[in-house]
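A, B and C are the chain letters, set down in written order, and residue numbers restart from 1 in every chain.
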Amino acid sequence: MAQIFAYISYKDGVADDAALELATVAKKIDAGADVNAIVVGSGVDAVCNEMAASYKEVWKIDKDTVAYPNAEIIRGMLVNALPKDAIVLMAHDTFSMDLGPGLSIKMDSPYVPDVVGIDGVDGSTLKTVRQEFGGQVSTHVNCDIASGAVITVRPGSFEADESKSAGGSVVDKTADAGDVSVKRTFLEVVEAEAGDVDITKSDVLVSIGRGIEEEENIEVAQELADAMGAVVSCSRPIVDAKWLEKSRQVGTSGQTVKPNVYMAMGISGSFQHLGGIKGGFIIAVNKNPKAPIFQVADIGVVADILEVMPALTEKIQEG
Amino acid sequence: MEILVCVKRVPDTEENEICLNGAGNDIECEDLVYSVNEWDNYAVEEAIQIVDRVGGSVTVVTVGDEDAEEVLRREMAMGAEKGILATDDAFEGSDGKGLATILKGVAEKGNYDLIMTGAQADDGAAQVGGMLAALMDLPYASLVNLIEVVDDKKLKVGREIEGGNQEMSEIELPCVLSIQTGINEPRYVGIRGIRKVASVEIPAMGAGDLGVDAGAVGAAGAIVKRADYFVPEMGEGAEMIEGSTEEIVEKLVEILKAKGGIK
Amino acid sequence: METLIVGPADFTFLGIPTIIFSFLIPVVGVGCFAYIIANRLAPLIKAAPDNRFNRIPERVFQLIKIWLLQWRQPRYMAAGVLHIMIFFGFLVLSIRSTELVVVGLSDDFMMPGMDGILGSIYGFIKDYAATVVLIACIIAAIRRVKKAEDRFNVPKEFDHSSEAIFVLGLISSLMIAESLYEASHMAAAGHMPAAIFSLVWFETLILSVFPVGLLQAIHILAYYVHDVIFFFFLCFLPMGKHFHVITSFFNVLFMRLDKGNIKPVRYDVSDEQLDDLESFGVKKMEDFTWKHILDFYSCADCGRCSDQCPANLVGRPLSPRFISIKAREKIFENYPLRGEHAESKPLMGDIYSEDEIWSCTTCGACEQECPLGIEYIDKIVDLRRGMVDEGMVPQSLQKPLSALEKRGNAWGKMEKKRADWTKAEGFADTCAVKLLEKGEEADTLYFVDSISSYDDRMQDLARATSLVLAAGGTDFCILGKDEKDSGNEVRRFGEEMLFQTLKDHNIDMILESGVKHIVTADPHAYNAIKNDYHNDQLPSIEHLAQYVDRKVKSGEITLKPVEDSSRVYTYHDPCYLGRHNSVYDAPRDAMDAIPGLRRVEMAKCRDRSLCCSGGGLMLFYEPEEEERMGVVRVQMAAEAGANVIVTACPFCLVNIEDAIKVAKMDDTMEAIDFSELIARHLEG
């Protein structure tokens, strides 16, 4: 079996939550394999050392040119540094969406993105589970990983491997990565405009989606939030419709939140949305019994939020 | 600027309930309606707007059978000048790399400054754009939600990244971009628009025309294969509360109090 | 009559015979007027064709009623009465003014037939007419200055108050000049006019103490002041809102005769030839029909349309009067009296905004009110057709339109589920609805339409309607999956080709079914089939309200006493049942047939009913507005003392039920549909 590498993304010197989930995925692919991590960036020693607890070898590529993770440069570096038949695991996010497809071509290996489950390996055939049509149906996707693969994993789909018993070491592979010149130059990150409310700071969120139907009904959600002492957040369609400001959006293209209680009101639960919820007790109310949100929620109610919300508000106000 | 936009015909999830067929290995097609993939539609609109600003023309291409022609006509009704239908029995069952290989064949038949795809499709893996770029050795940016033409050699692009932030880059032409929804407001195309372009000739190109090795694409060349479809188990995590609104609300309040959801 | 002074035909001033002026002033005046009118006609000639030279007897009837008898004026009592005074004064004095012009050339001239008793009677009447006009002008001017009505408060760039006051001044001057001319003559002859206490009578009284020389001067001066103002006024009319003095006759003669329908894309192109058209709808000024341009000329800026417009009321960016006024100003700018005609530019983004044009609910309140028969719905629809053709459709409307194209309903629900409402528990076993798609037959078709087929709440209306039809002993069926949306709003939102497709499909299905009669509970479906489908073979159609009214009167349906006598009902007229189809009494009579039902009327009812917010695609459009029409309506019902609003339209019910929630009136107000009210009160 080929060598497995977990690509570690990080922010402010700390590895992403998904970093340890990738270790679990690796074990599911090959329980006996030594799994390595690879960290690319500038000044990444802290991240590398952190990862050494969970991975056998931590390959470090430390260079100024990738102080900002420019996928085009990193692709070239990985192709230079990694063995030809490496199995690369990454979290499915906006960075791996930029990097993964091209990397698989350059490594001449299959690309399986946004995996939510591993159904085992049959010979050299890896069986994965993916979702299509916004989670309405799932599908088994198979590929031969004998000569390597690029696999991205939906964050939160696997338990993190917290054992930290690898006792690994950091290996500097900067020289192998070489100098890569590309035709795409990073300029800057334009931060999303800060709104009047910071939804990431709230313990309780009343989050609304398409089920709110009309702009005027947002008031109904606000009243419930007021009664609960919560803050109103939302899914992407609400921001697209300009009913709430971007800063209230939960999801991969919005804010990441860690509330104690998350009320998903009329939210179907696309993975982009779920990607923004890191923990918390989820109560989902949705008219559609097939809404994917019910798979991840702790409590589910099949009902019209426009009936439940005012009734709930009233009940809470009664005390 | 000569722009090629790759589009795909997909079941319209807004207007369908996706069900599986009896055998469980494919989605039930009988009652489906199809439309152009939403992301691709934004890409075509963006291409048309760029051409409106700096001149040039927009070509749309899709890989599929004769049915796929309807999405080309729809995009041509929006303002794309030319359409190309890449169609061949050998293309059937292509995986992402296969599709990228076919599209590379199409792209190399023309002289395009910019190639665009949708960032993803409902039934896809958000991969073709990046693969096409890598196959053609062109620079690439995904999830693009802003394009400014700097000059005839360079674009300034914004990518939508986590936290609602926007990553700004400069990218040299020719390049491949995959487009995120929300980059613009696509124009409406009605029946009349489509009828207007109904008689425009759309060339069909097969593996031979495109110089594509038939063995490298289609089911034969696919290295990533979808084995079957299945409906994920519903509510596996959620404890479902049923009853009248009154009863539901009562239980919810109980739960909220227990979990600290009411302050 | 023996006189000491001479008339303008014989007078000389500094040796110059004034008859020269009597000749020159009319010649120059008429010449200028002809030149201006020719210029004003230029855009009408370039405009799209219209079909207005037909049905002459009906047109003459409208002309007599609305133009001559000023039928719509008293709907605004104060302004209306003042206008009627000025209008009739004008009609009477136009004879005298014309006569005066010729008198300047020949002193003894009299209009034919005016030399005998008729002339005396006329003279008597016109003296009072002039007096009345003068008084009316003064009151009108005061009202203008004091902005007596909200209608007069408009944004500065649209404020034509000064023009209005100037014209009132001109009219007053004409009255005074004419009467002074006459009074000086009378005074010189030592007579008093017969019209006691009239303007000329008072003037004569005063002038009788003046020396003859002065009277002569006043006589001549008054004549030429009148002559100059008269021709100045004639040429000034086509410069602004007073053009209606000239155009109103034609505008009313050519006004629309039918209600509820929408004009074809072009009058000279049949539905089958639509595909060949290069461009659709109105994009630039000359794409309007000549009648629509005449409408723009005719707008008197009275503001009644906007005063009744629900969109304007709730702060949407639409005010119908400005649709006309902005267009008129644009035409004047593009067709200047001197210099080249300007090239016509797209209207959207120039004088109109997209939101403005999408804001209209096509309720028809503006057209119902306009005293001049100006139409707006066809213009709005034509502008929308132009926008649709250019792809300028808000994102919020694109999805439902595409769903209508693919699935035949705006919600994108599957065709095979269209009849699922018949399977509801507790209904299916009591009322078996026949399905044509299953090969069943019946005499009557119940055309359900989309919202009552698919919307959870509105399905109740479909079931209630079925129960009522069954109670009426009607053998009925539904089309099921073979029914597509009636397309009423599809057409009104400018998607003509999609409407044609839906229409053709439904006509085929209805004809194939072999039914002899159609009933629907959805006024939008009723209107589309009745007024837009234009197919002679289609069977007759009735709205449920008409059906119930008929069955109650024939005794086939009997209604039991009202369930809860403490409730007070009010009936909300749906636009597409009321204004567009004049069905006002049938639903009221049917409601009153429920013994013990207490019914009150809202401040705005019948042909002044306030739109609920709009149906069909309007449910999907997200307008900019300060308030919801539905909320205003619900408050109006409360003010009338009602606690149940009865509608006869599923869209009205959606909007009003919503509005009750928004207005937080859940505890005090309820909305139900007519079908539900009747179903609940069926005997047995």
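The rule is simple: contacts are C-beta pairs under 8 Å (C-beta built on N, C-alpha and C of every residue); 3 or more make two chains touch, one makes a residue touch a chain.
No experiment lies behind these values; they were computed from the predicted model shown.
When the C-beta pairs in contact are tallied for B-C and for A-B, the bigger tally goes to A-B.
Relative to chain C, the chain whose mean Cα position lies farthest away is A. Separating the centre of chain A from that of chain C, both taken as means of CA atoms, is a distance of 58 Å.
Chain C has its Cα centroid 48 Å from the Cα centroid of chain B.
If you average the CA atoms of chain A and of chain B, the two centres end up 21 Å from each other.
Each of residues 17 in chain B touches at least two other chains.
Against chain C, the residues of chain B that register as touching in their complex are 12, 14-17, 31, 33, 35, 78, 185-193, 195.
Against chain A, the residues of chain C that register as touching in their complex are 396, 622, 628, 658, 661-662.
Listing the residues of chain B that touch chain A in their complex gives 11, 13, 17-18, 20, 27, 95-97, 100, 119, 122-131, 133-135, 138-143, 156, 158-172, 175, 181-182, 223-242, 245-246, 248-250, 252-253, 255-256, 259-263.
Chain C contributes residues 274-275, 280, 388-393, 395, 397-399, 401-403, 405-407, 412, 414-416, 495-498, 501 to its touches with chain B in the complex. Chain A meets chain B in the complex at residues 70-72, 75, 93-95, 97-106, 110-114, 127, 130-144, 182-192, 203-204, 227-230, 240, 246-247, 249, 252-256, 260-261, 263, 281-284, 289-290, 292, 294-303, 307-308, 311-312, 314-316.
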